[in-house]
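Labels for the chains are A, B, C, D, E and F, by order of writing; each one numbers its residues from 1.
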Amino acid sequence: MRIRLINPNTSAAMTEKMAVAARAVAAPGTLIEAVTPASGPVSIESHFDEAVAALGVAEEVRRGEAEGAEGYVLACFGDPGLLAARELARGPVVGIAEAAFHVAALIATRFSIVTTLPRTAIIAEHLLAQYGYAQHCRRVRAADIPVLDLEDSGSAAYARIVEECLRARDADGIGAIVLGCGGMADLAQAISRDIGLPVVEGVTAAVKLVEAVAGLGLGTSKFGDLAWPPAKRFTGAFAGYSA
Amino acid sequence: MRIRLINPNTSAAMTEKMAVAARAVAAPGTLIEAVTPASGPVSIESHFDEAVAALGVAEEVRRGEAEGAEGYVLACFGDPGLLAARELARGPVVGIAEAAFHVAALIATRFSIVTTLPRTAIIAEHLLAQYGYAQHCRRVRAADIPVLDLEDSGSAAYARIVEECLRARDADGIGAIVLGCGGMADLAQAISRDIGLPVVEGVTAAVKLVEAVAGLGLGTSKFGDLAWPPAKRFTGAFAGYSA
Amino acid sequence: MRIRLINPNTSAAMTEKMAVAARAVAAPGTLIEAVTPASGPVSIESHFDEAVAALGVAEEVRRGEAEGAEGYVLACFGDPGLLAARELARGPVVGIAEAAFHVAALIATRFSIVTTLPRTAIIAEHLLAQYGYAQHCRRVRAADIPVLDLEDSGSAAYARIVEECLRARDADGIGAIVLGCGGMADLAQAISRDIGLPVVEGVTAAVKLVEAVAGLGLGTSKFGDLAWPPAKRFTGAFAGYSA
Amino acid sequence: MRIRLINPNTSAAMTEKMAVAARAVAAPGTLIEAVTPASGPVSIESHFDEAVAALGVAEEVRRGEAEGAEGYVLACFGDPGLLAARELARGPVVGIAEAAFHVAALIATRFSIVTTLPRTAIIAEHLLAQYGYAQHCRRVRAADIPVLDLEDSGSAAYARIVEECLRARDADGIGAIVLGCGGMADLAQAISRDIGLPVVEGVTAAVKLVEAVAGLGLGTSKFGDLAWPPAKRFTGAFAGYSA
Amino acid sequence: MRIRLINPNTSAAMTEKMAVAARAVAAPGTLIEAVTPASGPVSIESHFDEAVAALGVAEEVRRGEAEGAEGYVLACFGDPGLLAARELARGPVVGIAEAAFHVAALIATRFSIVTTLPRTAIIAEHLLAQYGYAQHCRRVRAADIPVLDLEDSGSAAYARIVEECLRARDADGIGAIVLGCGGMADLAQAISRDIGLPVVEGVTAAVKLVEAVAGLGLGTSKFGDLAWPPAKRFTGAFAGYSA
Amino acid sequence: MRIRLINPNTSAAMTEKMAVAARAVAAPGTLIEAVTPASGPVSIESHFDEAVAALGVAEEVRRGEAEGAEGYVLACFGDPGLLAARELARGPVVGIAEAAFHVAALIATRFSIVTTLPRTAIIAEHLLAQYGYAQHCRRVRAADIPVLDLEDSGSAAYARIVEECLRARDADGIGAIVLGCGGMADLAQAISRDIGLPVVEGVTAAVKLVEAVAGLGLGTSKFGDLAWPPAKRFTGAFAGYSA
């Protein structure tokens, strides 16, 4: 099975880190193709970054369909462009935020999220509400570190994240932590060891959920609102999408 | 006051129709600048269309800021790119879906939405939930007409819309109808006359809400998650956004 | 346009203060007629005060209809008698709590309320839930000052309110503050300057929303549950309402 | 125990009917004092009627406290003035809508409401949401009969109500019916016999809940927002409330 | 009236304590038959304990029906097996968690729960959500004491509970406390005296609600999903349930 | 990996059918051990059946732990005893209702459930609410067939189910169907072919989710409320659980 792992930001270092994490959990027959959009923000830390990144995601799904990808992982915790990506794909498309919520809810009754920046906490809140996990999540906590600090694994960022995880563990009444950034894909096991409770990381979780859905012979529903987008004309820079 | 009315799709006929409707309700001192993005879909009927259109919206808000726009109306019922647009603007930014919900809730305890296509009903549902109007809306009804049929006012589309509005009036226990497409901007009064209850249309509603917020000396909060997006590098086609 | 600004309590000083604030934001053609019911509590600090005040509101709306008022602002943060007032009016009727919630949601994703007394916080909570803003409001905070202390602008009350606003700004993850009392109508700008984020005040917000709805050619729906109350007999002190 | 049964409307015939129903279920030691406010609407069929009736309720609670009432039933399905009444009372105060919801939830997982007029259905919906019973109630159904038709037990109203109850039974997936009007106090048993499932009527339910709360040695909490209203000055017709 | 008070755990000391509390509030004609299942956990402090206890509850309801019980109290704060018990009974069946929530909501707008162990707080949260009381409950607080410490009334447990109740009173903005364990049945009055606000205890509350429902001539609905369970074959240890 | 597939009812035919379905989707390295409790109901069609079945589930998980099971599927659509099972297990435990909801939400924005009996629809509704999928599910539909009719694949039951699925497809605005009974494990593909939209079946879905969670190196959280149940004494028939 060929899963296209799309890093919505354009940081190749982060794509590589996520590819390593994804391959570490992929089933024997799964091929992880990690891609970075040619155009987009180097990190996603605002609604605007998300809007731009969603285009890169759509572009990569279109390319994936042409190249025979059988499933997709959207590797940014805001799940940018998720529903658009689903419209464009035959196979399953899973965002890393939703993946982490699903898995956390299967192993604990309540979890907290530890993310990077306070300003993106609202994105997580909106997703929790839309996906139905608002009650399962006790609190969205921000370690207050820029996303790209995570490129460099040995940084002070790790200590800050662990510190916030410990606070969540001791104060929130939870059974698991969800890491709220694709750039933390390599940290889950170390953090879990350091804090003593399960840590769910979205990139790896999404890989397994894509495999799971595909393993059921299912893909994105092409009946209803996720059916292929109606063919139409696009203008200007997007004329290539016309059909 | 200069309000930039952004039609997220690239149908100039629809932009013009919405500009006329907007100007008909604008306050004496308000200047409506109606714009159509250079690049994008000619109509918005899917999540993918929305994702592409959000870019055009962001682009037009950036241009608007440079040209001194003091407020913005996003004239597609899915409010594509709304939060991104807010990050990019100093003045108020109002989407036509949210505008219609706000106004309908001020004049009736319950309303129903009559939109174009069944497949975009889910977008309205997501917005109702995110904005807090899920309880106020009895039902999202689709007249099952393509968006561009609305370009031509004399079409059979009108009859279909009225028919669905009558069903809503008689079955839903409501006090008002919300029209669920920017392309219906010219129809509100005629429909209201034909069905005998208030009809709220988003383009006009949004103009008045932008004026209202600006009239309070308020604009988009630049404190918290709607503050200016962090400056960063963008690559490829979006390199121009780098800062 | 003639807007009747109804101060549900009978403090003339507060009515005057609110009238000044309302006129400062009203559009050129808008005439603000500020009225104080002849009968009622001098301040509204309990459910009982609200119930009595609702009668004064209804009375003033009836009078307003007779005298040609085209819209109404109910200037107490509990929006007492709002739905009754709507039944009695042809034009738009807007409460200052709902107005503040609407406007705050247009400029920020999350807000907190700073009100006067802890015991009335429950009223704000009930309104947030009924209007659909429970998710948008992070917290209802009480500065713990009696309403009438606000009559005297130079009092210690101001410092207490600012203090609570600063706590909200620093702890709540918000983009705006909503002031939870009509008696704070004159304080919004000063507080905003002192705390550095937008402050939404309901009296002024309601004036602009009434203008907005009226500017759309809309009034309170007379179809459904806000239609004129069925004519009937009233007895005793209320016999005058018989029809 | 002395329970004051307050009929918020001023129809003496309805008060008498409710008194009979209340006494039929009251415990041996319970004395039902049924009262009709001197001033108010003869029936409650609108938000305005409710606002006026709330005053009569408050008045009767104040009188009840002076005369030694130990508990109160508010016998109109909109529970008008309930929280105000609680502030004014030492003993328990129970509205008939809430009472019916509580009891129905104890004997069935889901219920439907059958009320009189379509226009008051919204009042029931608001109460269901505020009290927490929105999920338990499948549907609010209106038999479309004026409240005062219920004064006369032999009328066609009964047939209409039974008809609507049968529809609810067969279509709603419920275990019980809640009757949505105090004027139906005498009909519960007959309807239950006719339709074959439990019918919960609020007047009788409220009597038993007042007895239950009092039997626990509990009354309305005087700690927090239901404590006695702060003493203050009232003006005009309400000057008598000054303290 | 014969009410069967079922203590789902097998601690006879606790059963006796609850029986005393129940009899202290029961109406003159009410006979409290307190029973302890022959098989089950000595205390209920986990989901597993609950699952086992639910069997004991069902067993005791079956026995109760055979012996003519007219109503049931399930005296464990997790309401284990409540819906199963209802299917098996003709009369009303009330759990002590739901009973406490109902009564607390009748005397206060908001309450907090003080329970024993942090790990069972989730059970209370699930019940609050299912019963519709999530908004009424400010916080579920755990005094962090094992359930069986409550067998011995003079223990340090009492001080811990009062301490937590005081925190709730001072921080939560509430009007009443709900005690979150059947083993606290004898403590309500003392705690209320010590903390100065109403304390609702579930065993006593449930007795009064069972009496209330029965006093209305109502029992568990036998129409819909609480009708008698379909007769079928059971195997092994449960073969006795076959019908 | 050894997954213990627990059929909570005691129908060996159904266990076998589910085992076949499970094995058809299991990964190469996965061993499905399908078990039937020695004691329990032959089908689960009521709350009481569920309560009894939960014991069988717990028993089988305990046995599984002793025998080295690494994950569990609870194969009844009510997920009986799910949280108790999680407390008793080190590996992941997934119920088939939750599994189906998770998978359906990954491939469609909205789904409907088609189950067997009207009386068990309430169980699905409670689970949807607790798990957070109430908004994703449009409707719970019952084909009105007894569970054991599904033992015999060629029966009229199949036609009834397809008929209800078609109604859901045409009326509910959905993208997928969830089959609401473990006994339908063999029908998903045929139904999907007959109705033309994806059909999610819980037994198979749960197998893949257990594999997914285990593949992440995760199991049930042993921190918080799903930690091992506190050791204690059990009496009577359950004395064997004492520790």
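Please note the rule applied: contacts are C-beta pairs under 8 Å (C-beta built on N, C-alpha and C of every residue); 3 or more make two chains touch, one makes a residue touch a chain.
Everything quoted here is computed from the prediction, not taken from an experiment.
Common neighbours of subunit D and subunit F, listed by label, are B, E.
Touch-path distance (fewest steps) from subunit B to subunit E is 2. Interface note: subunit D and subunit E, two copies of one sequence, contact each other through mostly matching residue numbers (shared numbers exceed half of all numbers used). Put simply, subunit A has to spin 120° for its C-alpha atoms to lie on subunit E, with the angle rounded to a multiple of 5. Using CA-based centroids throughout, the chain positioned farthest away from subunit C is F. The chain with its Cα centroid farthest from the Cα centroid of subunit E is B. Centres computed as Cα averages put subunit A at a distance of 52 Å from subunit D. With centres taken as mean Cα positions, subunit D sits 29 Å from subunit C.
Subunit C has residues 83, 86, 109-110, 118, 121-122, 129, 135, 173, 224-226 in contact with two or more other chains.
An unclassified topology is adopted by the chain contact network, corresponding to no line, ring, star or complete arrangement. Contacts between chains, counted with the stated touch criterion, involve the pairs A-B, A-C, A-E, A-F, B-C, B-D, B-F, C-D, C-E, D-E, D-F, E-F. Residues of subunit F touching subunit B in their complex: 109-110, 135, 173. The touching residues of subunit B, counted against subunit A in their complex, run 10, 37-43, 45-52, 54-55, 57-58, 81, 83-84, 86-88, 118-122, 126, 129-130, 146, 224-227, 229-230, 232-239, 241. Against subunit C, the residues of subunit A that register as touching in their complex are 118, 121-122, 129. Within the complex formed with subunit D, the subunit E residues making contact are 25, 27-28, 83, 86, 92, 94, 98, 102-103, 105-110, 131-136, 169, 173-176, 189, 196-198, 200, 204-205, 208-209, 211-213, 215-221, 223-226.
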